[in-house]
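Handing you this structure, nothing more for now.
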Amino acid sequence: MAVLSEEQSMLRDAVRSWVQEKSPVTALRKMRDSASELCYDLAAWNDMAQMGWAGVIIPEEYGGSDFGYLSMGLILEELGRTLTASPLLASGLAAASALVLGGSHTQKSLWLPQIAEGSTIATLAIDEGSRHAPDKVSTTFIAGKITGNKTFVLEGMAASLLIVSAKGADGIGLYLVKANDPGVKRTKLSLADSRGAGDIEFNGAAAEPLAGGEATLEKVLDRARAGVAAEMLGSALQAFEITLDYLKVRVQFGQVIGSFQALQHRAAKMFTDLELSRSAVEAALAAIDTDSPEAAQLVSLAKTIMGDTFHLVSNEMVQMHGGIGMTDAHDAGFYLKRARAAEAAFGNQAFHRDRYAKILGY
Amino acid sequence: MSDPVSNEPSLFRDQARDWINTHFPSRLAWTVPAAAGVALTEDQLSWRAAMGAKGWGVPTWPAAYGGGGLSEAQAAILAQELAQVGAYNPIGGMGIMMFGPTLLEYGTEAQKLEHIPRIAKAEVQWCQGFSEPGAGSDLASLQCKAEDKGDHFVISGQKIWTSGAQYADWCFCLVRTDTSKKHEGISFVLFPMDQPGIDVRPISLIAGNSPFCEMFFTDVKAAKKDLVGPLNAGWTIAKRLLQFERSSISGRDAFVGAHLPQLARDYVGSDETGRLADHDLRTRIIRLEMQAHALKLTAARSRLEATGNEGPSATTSIMKNVGSSVMQMRAELALEILGNRGLGWNGDGFTSTELGLVRGWLGGKAASIYGGSQEIQSNIVSKRILGLPDPARA
Amino acid sequence: MAVLSEEQSMLRDAVRSWVQEKSPVTALRKMRDSASELCYDLAAWNDMAQMGWAGVIIPEEYGGSDFGYLSMGLILEELGRTLTASPLLASGLAAASALVLGGSHTQKSLWLPQIAEGSTIATLAIDEGSRHAPDKVSTTFIAGKITGNKTFVLEGMAASLLIVSAKGADGIGLYLVKANDPGVKRTKLSLADSRGAGDIEFNGAAAEPLAGGEATLEKVLDRARAGVAAEMLGSALQAFEITLDYLKVRVQFGQVIGSFQALQHRAAKMFTDLELSRSAVEAALAAIDTDSPEAAQLVSLAKTIMGDTFHLVSNEMVQMHGGIGMTDAHDAGFYLKRARAAEAAFGNQAFHRDRYAKILGY
Amino acid sequence: MSDPVSNEPSLFRDQARDWINTHFPSRLAWTVPAAAGVALTEDQLSWRAAMGAKGWGVPTWPAAYGGGGLSEAQAAILAQELAQVGAYNPIGGMGIMMFGPTLLEYGTEAQKLEHIPRIAKAEVQWCQGFSEPGAGSDLASLQCKAEDKGDHFVISGQKIWTSGAQYADWCFCLVRTDTSKKHEGISFVLFPMDQPGIDVRPISLIAGNSPFCEMFFTDVKAAKKDLVGPLNAGWTIAKRLLQFERSSISGRDAFVGAHLPQLARDYVGSDETGRLADHDLRTRIIRLEMQAHALKLTAARSRLEATGNEGPSATTSIMKNVGSSVMQMRAELALEILGNRGLGWNGDGFTSTELGLVRGWLGGKAASIYGGSQEIQSNIVSKRILGLPDPARA
């Protein structure tokens, strides 16, 4: 665990007790079984917003607390532990980052306070195909209008503000589009991890540009990636701890199965990977906070290591639980499904391995 | 029941082809068998009846018990000829893969005559009462008990992970008949499922389906004549049955799932050299394909080497682990290839192939758990084949 | 084990007893410590030739037994068990294959009987750089003369006949060059696995072409690769068996270490990989014997799986032996060094993975 | 011995820089310390003497025992300033990494005053008498015994895997002083190596060098004053020392070896997109580099988190395994990158870098064996950190 400031420790403790009390995995299960349209619990989201979590990376002058990305990571890590579904990542982190980095004073003044108080859900609309490829954009911005198809937009159905990557006169950039524009058509996607997402068609929807073009886009994506990685860290830790607890109580052959050395060594491997992952995730968040030139590289490192670790831990969670882990009544399946969705989000391990090496010139 | 068949391969091939042409309803060509619990069409019923009567659903079982009585070579020719016209084998399930071969080895003549022909005709569906909540990998710690009531046993207890219990007519079941011993207190009994005291509850799985059930037994009856093998000697029979199970699994799993190179060409595309565009992914696809290829060659080698042997040997244990690992890895790679489209659960936003791959990925996680978990298989290899000892008990 | 003919079983048994009796690992150790120029034991080689092993794939009319590649594989597997160094692979398999596949009747009549009786050592000279890349050839054949540099020629110092890949008027092909030609200059390489190899410079050395061009070259290389794989199979099996024996006798914590489950599962993994490897190696050899169109694919499969397996087994051999495996007095180091040399020979795993997929069109 | 140093970082930096400029012989810039057993040049001797006198070879050890008495922050500044001019730390070896820190914790005042200053000045080389042929991973089963002879012990037995025994002046040694107990019968003693009854034999390794020795003891004497800690309490001290050993190893191994991306650019080349031409290899290089990077970040995090703590914690166990695995994998990949040129043993046919990589690859295989094998480290993590139990003894 990074060395935290007193405020960060308090924040983390507050999130932790809220999550354990108000948002256990059963909350996600209930939401899934209710076939919620929003794909998150509105009351819980209002709680979160009221506690100021949606404004953690937003400057104080625009209604946030300017607490930074490491702090946002702490929140997401705790939320990740119980797989809490909320628009925090899409809105309070990713979209807010886009406005903070690329918005004019007017744009910031309009949107950031609403995002910080949770009344507006904003999100990024980036990908156009089945794979994350932010440099491959067919969507156009011409004469103030956005035209094109975006897919797999996180919280795409809940969002009222869309931040869309498109090709304009100066190349790829980000644009603000209101979701209620008549040129916007949305289709809900039903996902294995029960989170909210949609496909979005833009037919000449009115849009206004953010500044900074592709450079801003990359920075925004890196912030989203680091946030996903922080959430994955919490999920993977919880999955590991649940599994470890089971190894200590499940008896076969007259022994708790955690006494079998082959399982012990696999547990040690998971623990090791989790420690390495934490280091990478925290370093990525810290590098964003200090605007380090190494941030991009560290983010790709974190997303990759964390992705591989959550992949392993979620598979081992099912395997080590045996049959009971295969049942829907157990939580293992939720972690497994979330792991793959989080791995794919904003670039999977293969994408980030390639990017890491390219950044380093090989 | 069975016409005489020729021992001359090319003659047998002609006979088989003729028979298939006569009996296989061409509307069924390239279709698959109906799922468990789904009512059969007239074509499907007629094809099942024909194959059942001929005994060719179980081509190498003795003709005396309703099998085909064919040699391995003839069975291979038959399989080729069936494949040629896209004809599935309508005789399947637990009875074929596991229980039938076991009963053929351990059953009395009366038991074989009673049960095997009905399995060979698919007239009776069987389910397997083995695992219990506290007895998974450590199967021999099972508690479900049978009390001796003279001409019958009375069975009480719980079973779990029973495939298709909700559709089964009969159950082959491991029960405890002596609580003072572990392995030597287990018996292997058969009983019909349509009797009072059996409560079957499907288990909902992470893939969203319910292929397995829990079974709760309260004073369920099994006739003495339906005890297989001696009293308290069920463990030996169970181990043999598990060998058949592993053998059937290992031959099956590795080739389940998507054709990865093709799927990747479609979803990921190729670069100007003709290689898949994602080189990192490509490397892993190649490794998987090679592993699957080597397993296929191993299965072929094993069949060849077993010529004249008595059945699946302990080496099938390696095939179960490699088979389930190949299958699971293939499913993981398919998901990765699909990218965002590999995250769908249902709805129009995804194709049925995409949704099927997601469900298959989740369902396939069971492959390294059931039929002897991956860990149990590794124990078997290291102890039975490699001769590594148990830890000394100090 | 493939189902063998009676002759093949007899051959295998004969090789096995000769190897165990006449050529244990101590023979390689002695050869290494004597700093032999040839890098193999001449008396042992004469034994082998006398038993007809150098002529196994050579047609009877040219002095061989025409016993096929599966039979040659059986011999190499047994020789591999004790890491027996000999020119059998370079001469009796690789070079002989080149002559059988591409030689004229005159060429065959001249060279094959000498190769079969072991009096002539022939070898392939293919690679020009540090990596196996048979399609990248700078060496030229112009007006009957070969000019260029070949590196890492197996048995390059012992050979009297060199079969050289070079670019002629019709593209890449194979050429016969006598090693005592004044245009040939050889430099011995001292290798970690103590086998014989050399760098060879050709300065207008007289040469005569074999038929078939690049197609023959590929077929010859595939035969050499399958042979190396067969040898590796024997080496890896022996390394595994030595290790397994050690696991059964070495006591720590009051237990033989083979009773520890983590080691048991690693042993099971090795056993599994060895079984898969055997299947691939035998299938490749059999495909060559039947001139199957799948031969190239099966050879790349065999070389890859076998390479990965020997890599794993040789590393585990050292690790599971602990300190004693690190000492030169133990045989583990010999297997480890040989593993890497054999992996690199005629294309490593990465080369053959790429080739396998290219053959299958992806 | 030590001038007063400022607690103000920038002032300390100036002081350190001045001192280094005055004392570091510029001809040594960017050189490495001489190998064990090689005579030192005048420059090397003078640099070692200066650093030894200043105590800066062990900057954070207490000044009272000849250490630098610096804070962690100051030590970091000192390291930066040394690195700036390419100056190595001439004070190293077993005494620094393992024995010194242990004696500082467990030694009497007299023992510390006798031994620590001489370690800090590199006047005395130490070797470690721990492993025995029958006591490797199971170190506590050691047999080498010490008999009480009043004012001294007499030691007989065998030790193995002793680094640099042939150059050592003193030995810290685990001996059995009670044969009726296992862990509670071990004592930790010190004795000089220049006495009769010690036979040191270098062991030839697969890499062709002999960094370790066997030691045979026949009636070797250790004075009672050189018993560290109470009689039969040596195991606790040994465990602590092994923690320091692992900690020093884990900090070291992961960054040993070739710079793979550069080596690959040189030997394999790049394609038109700037990626390494062998994509399969590239993927594995990236994985390794990422693992190393994450380990580096973990080491930094661990140092930060340990601020105020008492020394290396149990988490160093994960670093030892990752460190040795990264180092070994790096060496394997370097070999693969070199291709044929990674198979050389000696002679002019290969560059010294190539030969060095081959030797380093072989030598590095020891990293997962010594200082607590990979298996022992995994046991430690699963038992001490994760709280998984030993198997029940039935």
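Just so it is clear, A, B, C and D label the chains in written order, and each chain counts residues from 1 on its own.
We adopt the following convention: a contact is a pair of C-beta atoms (placed from the backbone, for glycine too) under 8 Å apart; a residue touches a chain by one contact, two chains touch by 3 or more.
Predicted, not measured: the structure shown is a model, and the values here were computed from it.
Chemist: Measuring centre to centre with C-alpha atoms, which chain is farthest from chain D?
Modeler: B
Chemist: So which of C-D, A-D or B-C is the twin of A-B, meaning more than half of its contact pairs are the same residue numbers?
Modeler: Among C-D, A-D or B-C, the interface that shares over half of its contact pairs with A-B is C-D.
Chemist: From the mean C-alpha coordinate of chain B to that of chain D, what's the distance rounded to whole Å?
Modeler: Once rounded, the distance between the two centres reads 55 Å.
Chemist: Counting in whole Å, what is the centre-to-centre distance of chain A and chain C, each centre being its mean C-alpha position?
Modeler: 52
Chemist: Cα centroid separation between chain B and chain C, in whole Å?
Modeler: 42
Chemist: Can you list the chain D residues in contact with two or more other chains?
Modeler: 275, 279-280, 282-283, 375, 378, 391, 394
Chemist: Would you give the residues of chain A that are in contact with at least 2 other chains, written as numbers and ranges?
Modeler: Those would be 254, 260-265, 353-354.
Chemist: Please name which positions on chain C make contact with chain B in the complex.
Modeler: That would be residues 1-3, 244, 247-248, 254-256, 258-261, 263-265, 267-269, 271-272, 275-280, 282-283, 301, 304-305, 353-354, 356-358, 360-362 of chain C.
Chemist: Contact residues on chain C for chain A in the complex?
Modeler: 260-262, 264-265
Chemist: Spell out the part of chain B that touches chain D in their complex, as residue ranges.
Modeler: 275, 279-280, 282-283, 391, 393-394
Chemist: Per the contact definition, I'd like the list of chain B residues that touch chain A in the complex.
Modeler: By the definition above, chain B touches chain A via 131, 134, 136-138, 141, 160-161, 203-206, 208, 267-268, 278-281, 335-336, 338-350, 358, 362, 365-366, 368-370, 373-375, 378.
Chemist: Over in the complex, which chain B residues touch chain C? Could you list them?
Modeler: It comes out as residues 261, 264-265, 270, 274-276, 282-283, 285-287, 289-291, 293-295, 297-298, 300-301, 304-305, 307, 315, 318, 321-322, 375, 377-379, 381-383, 385-392, 394.
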